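So, here's a batch of structures to check.
In what comes next, chain A is part of two complexes: it sits with chain B in the first one and with chain C in the second one.
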Partner chain A sequence: MLRYIGQRVALFIPTTLLLLFLVFALIYLIPGDPVEAMLAEQAGPELIARVRADLGLDQPLHLQFVHWLGKALRGNLGRSIRSEEPVGQALAKRQPGTREQALLATLVAVAIALPAGVISAVRRGQWADSISRIAALLGLSFPSFFLAIVLIYVFALGLRVLPPSGYRPFTEDPLQNLRFMIMPAVCLGMVMAAILSRMTRSSLLEVLGEDYIRTARAKGLSGRMVIYKHALKNALIPVVTIAGIQFGALLGGTVIIETIFALPGIGRLLIDNIRASDFPMVQGVVLFMALARLVINLATDLLYGWLDPRIRYG
Partner chain B sequence: MRQVSKRVNPWTWCGLLVAALLVATLAPVSGAPAAPSPGGVLKVAIVAQPSILDPTKSISGISRVVLENVVDRLVRLDEKLKIQPELAVSWRTVSPTEYVFTLRRGVKFHDGTDFNARAVKAYFDHILDRRRNSPRLSNFTQVRDVHAVDDYTVRFLLSAPFAPFLTQLSEWGYMISATQLARSPETLAEKPAGTGPYRIDRWVRDDHVRLVRHRDYWEKGLPYLDEIVFQVIPEGTVRVTNLRTGQVHAADSIPARDVQTMKDDPKFKWTVVSSPGYRSFYLNTAAAPFGDRRLRQAFAHAVDREVLVKTVAFGFGVPAYGPIAPSHWAYARHFQPYKGSDPQKARALLAEAGRPNGFPFSVKMANNPEELRLVQAVQEQLRQVGMDLRIDAGEYVAKRSEVLRGAYDAFYAGFLGGPDPDSNTYDSFHSRGSFNWVKYNSPEVDRLLDAARTELVQEKRRQLYRLVEEILARDSPMIFIKFPYYETDGHVVLASVQDLVPIPQQRLLLKQVWLRK
Partner chain C sequence: MVDPAWPARPQPASLRHSVVWRVGRSRTGLLPMLFLLVLLAAALLAGVLAPYSPTRQSLFRAFEAPGRDHWVGTDDLGRDVFSRVLYGTRASLRVALLATVFSAVAGTLLGLVSGWWTGTLDNVIMRLMDALLAFPTIVLALGIIAMLGPGMNNAMLAIGIVGTPVFARLVRSQVLALRERPFVEAARALGRPEWGIIWHHGLPNTLPVIIVQTSLRLAEAVLVESALSFLGMGVQPPTPSLGMMLNDARGFLTYAPWMALAPGLTIFFTVLSINLLGDTLRDVLDPRLRGEPQGTV
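And now, the complex of A and B:
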C-alpha cells in the first residue's frame, strides 16, 4: 500500500509543476492587455507603459515565470491588479459559499438519486423504472440556468417563500443561509442526481446478476435484505467515485448558478476577472480549481486502492 | 331656497368654484408630498461590484455610485450638470490660471479628523505625484500647484487656462482624510474616509457594500436613511425579481422588456436622465477604405438614426448627430445634419469615390446581444446602398486593443462622456487627444478645441463647439448613432422611495432620499 501511495504522490508532483506552468502561460491566452483593460479609457499610453513596468510585465517571459513560480510555491499568488486584494485572500473569502453550495448540491443529488436508482433497478422495466429514467433524462437535458429562472419565478416571485438571490454566511445566520442556498443547491443537485441515479441503476443491475446474490437469495434471505445488505454496498463503489468527482468539480465553483443567484463564489470570481483581464486573479483561481481537482483525484485513487486490492497490486 | 339661489350672482359662483378648486389642490391629502421621515435601510441593486473604492485609483462607474455618497468634492454637479458648492462655499477666478476657494468650516472626515486646506493640498499632492500612477493625474494635468493660503482658503494655480477645471473638480476632486492618506493609504482601497453623508461600514466582495449614516455630516438634518446596502445582482431578470418582491428598493440596468411593464405599475417609479455619453461607429481615417472622406459621408447618409432609436433601442435614447449630448449646455437641439437617411446621396458619394458597387468593411465590437441587434440593423440599412458591413464581435478589451493598434476599419462602442463638452470632444478628435482612436487630424478642429478649452466665457465656447460639430459632421470620422439614457442612467425604484433625483453618469446621490413607511 505504501508503495502505491508513493507512486501516486510521485505522479502528483510533476503534474502540479506542469499545471503551474500552464496556469502562468494562461495570461497570454486571455484576450486583451490587462493594463490597457484597466486604464485605456482613463489614461494615455504614457501611464499605461509606467504601470506595465511597475507590474514587471515588460520583462522577458521566462523571468516573469521564475519570479511568479518562486512566489506561488511560497503561497503568495500576488495581488489583483484592479482591486489590489491579495489573491489568496480573495480565494479564501469566496470559498465558504462555493464549498457549501457543492456540499448541499451533493446532498440533494444523493437524496434523490439513491432511492430513484434503486427503485429503477429493482422494478426494472416497470412503470416506476420508466418514470425514474425519464426524470433522469430530463435532469440531464434541462439547462440549469433555465431551471434556476423557473425556481426563482415559482418560489421567489410566485409563492414568495424564498429570497430570489443573495447570500448570508452560515455562521452569521444559519436559517437565512439555508433559505438563500436551497435554490442553487437544487439546481446543481438535479443535474448531478440524474447522473448518479443512472449510475446507481446500471451498477445495481450488474451486481444483482452476480452469483453471490443468487446464493443469498437461495439461502432464503428476503429481497430487501439482499438488496440493502449485499447488493447495494458493492454497487455503490462506482457511484461514490462519480459523486466524489462531481463534488470536486463543484468545488471549483459554478459560473452560471453563482451569477444568477448572486452568490459570492469561486466561479464568479473567475469570470469577473477574465472579463477585466485581471491576470493574477485569473491565474490564482485557475490554479486553485485545478489543484482542487488534482487533490480529489489523488484522494479517489488512494481510496480505490484501499477499497479494491486488485487496483493496488495491478 | 330658490329665492336665495336666484339672488346669487353668476360671478360669485365662479369665484366659489375657483376657491373650492384651490382648496382641493392645496389641502394635504394622502399621496401629497409629506415631510421626510428619517431612518430605515435602503437596498439598491447594482450590476457589478466596485473594483476598488480608493478615489485616487478607481475608474469604474460602479465605484462612483458608492463613492458619490461617501466622499464629497469642493464643488458638485446638480441634476442639470450645473456646478454647485459642496465643500467649498465660494470661489473666485483671480485670473484664467488662478482659482481661490473658500472652504466650508466645521466639516469632519469619517475618521474624525477635520477637513481643511491642508487636506485639499494633501489630496492633490498625492495624485499629482507621478510615482503613484494615479489615473487622476490625467484629469488634472493643468494643475501646476495647490497652495493652502490659510486653514480655509486654497489657491489652485494652473499651467494654462482650462475652462472645464471646475467640472473636473466636481468629477474627480474627491476629498479624503489627509491622515488616512499619510498614515494608512492601503486602507483606501476598501474604506476611504471622506466627509460624505454616509461612511463605509463593510464591503463583502461580490455580495454587498454597506454604508451607514455619518453622524457628523455637515449638512444639518441629512442624511435621512440609517443605512444603504448596495447589493450586487449581476443578472437582469433576478434584479427585476428582487425589485418585484421588495428585496431591494431600487435597481438600474433593467432589461427593456421589463421597463415597459414596470413603468405602468403604480408600485414602481421610473426615473431617467439623459447620459452625456454616446454610441457611435469609430472609423479608421488613417487607412482604406475610410481614409476617403466621401466613403465616411456615404456611411453617415445611409444610416437612419431615428429608426434605430425608435425600433431597436425601444425609444430609450436620442438620435445623435454629433458628440455633444442633450445634457450639455452646448447641445444644439436642431443640429441634425444627417437626419433621416438619404440613400441616393450615399450612392452618389460611393460612385464619386470610385466604389459605385459599394465595398466590404468589418466592424469590431463587443459581443453584447443588445449592441449586436443595433449593428445588425445598421448592416441592413447600409446594404441598401451596397455597403457590406461585416461584424467582427468578440471580447471588448481584445477588440479595443486591436483598435488601439490601428488594425481596424470600424469599431462600434459606447463612450461614457463627461459633464463638460470638452470631455466629449478634446481627447477623441484633437490630433493629440489620448483617445483619438479614429486618427483624425484636422488643424482647424485642433485650433477650435484648444480655443474652447481656454475660453472662459460660456457663450463663446458654445459657438466654438458649434463649429467643431459642423466640421465633424462634414468630415464624419465617427458616425454618431444615439445618446443612450437607458443602460446606466435609468432606475426603477419602489414607490416608497422618496426624493430620488438621478444625476447623469451614475451619480446616485442618496442623502436626501427617504423611505415612506
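And now, the complex of A and C:
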C-alpha cells in the first residue's frame, strides 16, 4: 500500500505544480496591461505601482512565478483589489456554504442512485430497468440551471412550500437551513445521481456474472442475500471511485447554483469577482477549486487502492 | 497502383455510408438524428424562418401568451420568443460546434505527438493535460473568460481549451497501442517517415473513437455554452442565446413561464438528442466503450 501511495503522490506533485503555474499564468491572458485593466481609470500612478509590485509584475517571469508560488504555498493568495480583503480570508469565510451544498448534493445523489441502480440491475430488461435508465439519461441531459428554474417555479412560486432563494446557516436554524438547501442540493446532485445509477447498474451486472456469485446461489442462499451480502460489496468499489471524482466535479456546478439561489459560497464569490474584474480574487478562487478537486481525486485514488487490492498490486 | 506500405487505411466513403445507415436504422439513433437535422436547419435558416426580428421591441406587446401572432409568446420587452429561440439556437450551436472542433483538432494533435514520441515531450504534454483536467470544467472556462473578457469568441476559445485534454488522453492511449502493431512496424521497416506513418495509420485508426468522443463532447459544449451565457459570460446582448434567455426569464416566471420553457426545453432536447446519438454512435463504432459514464454540467 505504501508503494501505491508513493506512486500516486509522485504523480500528484508535478500535476499540482503545473496547475499552480496555469493559474499563475491566467493573468497573462488579460489583453494589454493587467494592472491597468484591474484598476479603475482614475487610479493614480502610486496605486498602479503598488499593485504592480504587489503582484510582482515588475520582475522577470520566472521570478514572478517563484515569488507567487512561495506566497501561495504559505496560504497568501494576495488581496482583493476592491475590498482589500485577503483572498484566503474570503475563501475561508465562503467555504462552509459550498462544502455543505456539495455534501448534501452527494447525499441526494447516492440516495437516488443506489436503489435505482440496484433495481435496474436486478430487474434487467424489465420496465423498472427501462424507467431507471431513461431517468438517468434525462438527468444527464437536463441543464442544472433549467432544473433550478423549474423547481423554483413549482415549489417556491406555485406550491409555496420552499423559499425561492436565500440562506440560513445550519448552526443557527437547522430546519430553515435545510429548507433553503434542498432545491440547490437536488439541482447539483442530479447529474451525479444519473452517473452513479448507471455505474451501479453496470458494475452490479458485471459482478452478478462472476463465479463466486454462482457459488453463493448454488449454496442455496436467497437472492436478496446474494445481492446485498455478496455482490453489492464488490460492485460498489468502482461506484465509490466515480462518486469521489463526481464530488470534485460538483464544485463547478456550485458556481451556477449559488448564483441562482443566492447562496453565500465560493462559486458565487467567483462570479461576483469576475463581474468586478477583481483578478487576484478570481485567481484565488480558481486555484482553490482546482486544488480541492485534485486533492479529492487523490483521496479517491488512495481509497480505491485500499478498497480493491488488485489495483495497488496491479 | 496500390502502395503495399499503406495497407490498413480504411475506405472513408464506405465507412461513412455504413455508419449513417446503422445509426439511422436504430430507434435511439434515428429520432435524435432527425431532431438535430431539423434544429440545425432551423438555426441556419433563422433569418428566413423567424417571423420577427429577434431584437425588435414592442412594449405594448410585452408578456403576451403563446397565440396566433406569437407562437411561443413574447418576453418582457415584447420581443418574439420563437424568433429569439431560433437565433439563440444558432448562436449556441455555433459556439458549441466550433469549440468542439477546436478541442478535437488540438487534442488529437497533442495525443498523436504524445503517444508517438514517448519521452520528455509526452510527459510534459500529459502532465499539462492532467493539470487542465483538474479544473472543474466551468471554473476553468470562467477563469479564461475572466481574463479575456466575456463574449462569443472568448467563450468559444474557453470551451475549446477545456475540452482538449479529454481528446489528447484518449488519442494518446489509442496511439500507444497502435505503434506496437505489426503493420506500423512494417511501415517503419520500409523506411517510411514517422509523420507519414501517423497520417496513414495513426489517424485513420483512431478516427472512430475521436468521432464518438466528439459527439459526447458536443453535448457538454452546448451545456457549458448555455451555462456561460446564463451567467452573462458568453454571447453578449443584443445577440440572443438560449442561456441568456433563460436567465432573463428568471424574474418573470409567474407572469410568463414560456420565456423560460422555450429556451430551457430547446437546450434540454438538443443535449438529449446529442447524448442519444453519441450513445448510438458509440455502439456502432466502438462497442468496447459501451457503458462508460459521461459527466455534464
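What we mean here is this: the second predicted complex is superposed on the first by the 276 of 314 C-alpha atoms of A that agree within 3 Å, B and C clash if a C-alpha of one lies under 4 Å from a C-alpha of the other, contacts with A are read in each partner's own complex, and residues count from 1 in each chain.
One rule holds for everything that comes next: contacts are C-beta pairs under 8 Å (C-beta built on N, C-alpha and C of every residue); 3 or more make two chains touch, one makes a residue touch a chain.
In this text, all values refer to a predicted model and were calculated from it rather than measured experimentally.
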Contacts of A:157 with chain B and chain C, given as first, second, both or neither: both
First, second, both or neither for A:260, with chain B first and chain C second: both
Partner chain in contact with A:85 - chain B first, chain C second, else both or neither: first
Contacts of A:4 with chain B and chain C, given as first, second, both or neither: neither
Touched partner set for A:149, first chain B, second chain C, both or neither: both
Which of chain B and chain C A:166 touches, first, second, both or neither: first
Which of chain B and chain C A:272 touches, first, second, both or neither: first
Touching partner for A:65 - first (chain B), second (chain C), both, neither: neither
Superposition-derived comparison: chain B or chain C, residues of chain A touched: C
Which of chain B and chain C A:141 touches, first, second, both or neither: second
On chain A, the residue positions that both chain B and chain C contact, one per complex: 31, 149, 152-153, 157, 259-260, 275, 277
Chain A-touching residues of chain B, taken from the complex the two chains share: 48, 51-52, 54, 57, 59, 130, 133, 135, 137-138, 186, 189, 204-207, 231-235, 237-238, 241-242, 244-245, 247, 394-398, 400-401, 404, 416, 434-435
List of chain A residues in touch with chain C within their complex: 11, 14-16, 18-19, 21-23, 26-27, 29-31, 137-138, 140-146, 149-150, 152-153, 157, 191, 195, 198-199, 202, 242, 246, 248-249, 251-253, 255-256, 259-260, 270-271, 273-275, 277, 279, 282-283, 285-286, 289-291, 293-294, 297
Of all residues in chain A, those that touch chain B in their complex: 31-33, 36-45, 47, 50-51, 54, 82-85, 90, 93-94, 149, 152-153, 156-157, 160, 163-167, 259-262, 264-265, 268-269, 272, 275-277
Chain C residues within the chain A interface of the complex: 127-128, 130-132, 134-140, 142-149, 219, 223, 226-227, 230-233, 243, 246, 249-250, 253-254, 257, 260, 264, 267-268, 271-272, 275-276, 291, 293-297
